[in-house]
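Since the structure comes first, as structure tokens, the remarks are kept for the end.
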Amino acid sequence: MVISHSMKIQTEGKGQIINLTPQINDYLFNVEITNGLLCVAVPASTASIITMEYEDGVEKDLRKLFEDLVSSRKKFAHDKALGGKGNGVAHARATLFGPSVTVPFTNRKLALSVWEQIILVDFDLEPRTREVVVTFVGE
Amino acid sequence: MVISHSMKIQTEGKGQIINLTPQINDYLFNVEITNGLLCVAVPASTASIITMEYEDGVEKDLRKLFEDLVSSRKKFAHDKALGGKGNGVAHARATLFGPSVTVPFTNRKLALSVWEQIILVDFDLEPRTREVVVTFVGE
Amino acid sequence: MVISHSMKIQTEGKGQIINLTPQINDYLFNVEITNGLLCVAVPASTASIITMEYEDGVEKDLRKLFEDLVSSRKKFAHDKALGGKGNGVAHARATLFGPSVTVPFTNRKLALSVWEQIILVDFDLEPRTREVVVTFVGE
């Protein structure tokens, strides 16, 4: 069986971190599937789905990590293609962190640790309205 | 229901980026599954499946990112194990970017943004023939 | 159909790499599902599931990569929140490498290359007992 939900989320961009887990657990509590796989995906090439311990310190560390791994001060060919105003840095970060996360669930409980949450990161440079697709496959 | 396809792809290696999406959409148009999860996987420890906006500038930026994150000028223990001619850099990059991507689909439409594509990256140092496994699970 | 197993694994932390593949293949040999998707997940925010060629040189290279990408000498806000003794570096690495890997299988054979293995990496600073959730979805 497959059950799919679509969430619309208003973001600020710039590496903003948004916790999707309460809404996902609400869906999971109400679907007729009790065991299987959850896939959370963002159809976007400048945003990612990740997991993290949702705590202020970790959030700061991750936003610094995004900059350490893919510096916004580098030159991006994608920006040049768009007249120097592009979001090349956001594209590189989104490919690195990936467009989806897959998490198993058993008896409607996600295989996450206590403080671990499923997170949307919007790497784009400006506010965006994002769709997040939440799909449960199982029985 | 599960439907699986195997693609054979000739690559040049060295970080070459190959767009798999047209062939995947062709499979999706013809399977009897309309809703579910797609998993695209490359059975290889020196290649990855990623998503990206398929544009020349982003492609250049990603190939630079591979070098920035895992420099080919470093010493790799795997190369030493193979007499100094190994592909240790390719192994490290493939583990970082991962062997598969999972994407949901609804009414035979993949949850990707307009220009976002599913991509095979071959990190190996020489041309290779790669298998890519395309699996649809759903109903 | 969905079949799920839970493994308990004692780790040393500090980037230790543990090969899960023999046990997973043993599960796969005994489940009634022959085609579908395998998801291997670690419910933890300081550990990851990856794939790699399981060879001593690649293992050394990856442990160096963890340090190159997320240096343990940096200051982490998460550590400060916990009085300077935290495991911020482990959180950042676990988010980067991700909590799960999805691998298709056909006729009970995983889509992995010959030496490629599914691996638990424990990034935490001390020994831990980890749960790994192994889920097969298919028919």
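Note that the chains take the letters A, B and C in the order they are written out, and that residue 1 is the start of every chain.
Operating definition for what follows: contacts are C-beta pairs under 8 Å (C-beta built on N, C-alpha and C of every residue); 3 or more make two chains touch, one makes a residue touch a chain.
Since this is a predicted model, take the numbers as computed values, not measurements.
Colleague: Shared interface numbers for chain A and chain C above half of all numbers used, same, or below, different?
Modeller: Counting which numbers both chains contribute, under half are shared, so the two copies meet through different residues.
Colleague: Can you give the rotation angle that fits chain B onto its twin chain C by Cα atoms, in degrees and rounded to the nearest 5?
Modeller: 120
Colleague: Chain A to chain C: how many Å between their CA centres?
Modeller: 20
Colleague: Give the residues of chain C that touch two or more other chains, as numbers and ranges in rising order.
Modeller: In chain C, the residues touching two or more other chains are 37, 69, 96, 98, 102, 137.
Colleague: Please give the residue numbers of chain A that touch chain C in the complex, ascending.
Modeller: 35-37, 50-53, 55-58, 60-62, 64-65, 68-69, 96-98, 101-104, 106, 111-113, 115-116, 137-139
Colleague: For chain C, which residues count as touching chain A in their complex?
Modeller: Result: residues 1-2, 4, 37, 39, 41, 43-46, 69-70, 74, 76-82, 86, 88, 91-92, 94-96, 98-100, 102, 131, 133, 135, 137 of chain C touch chain A.
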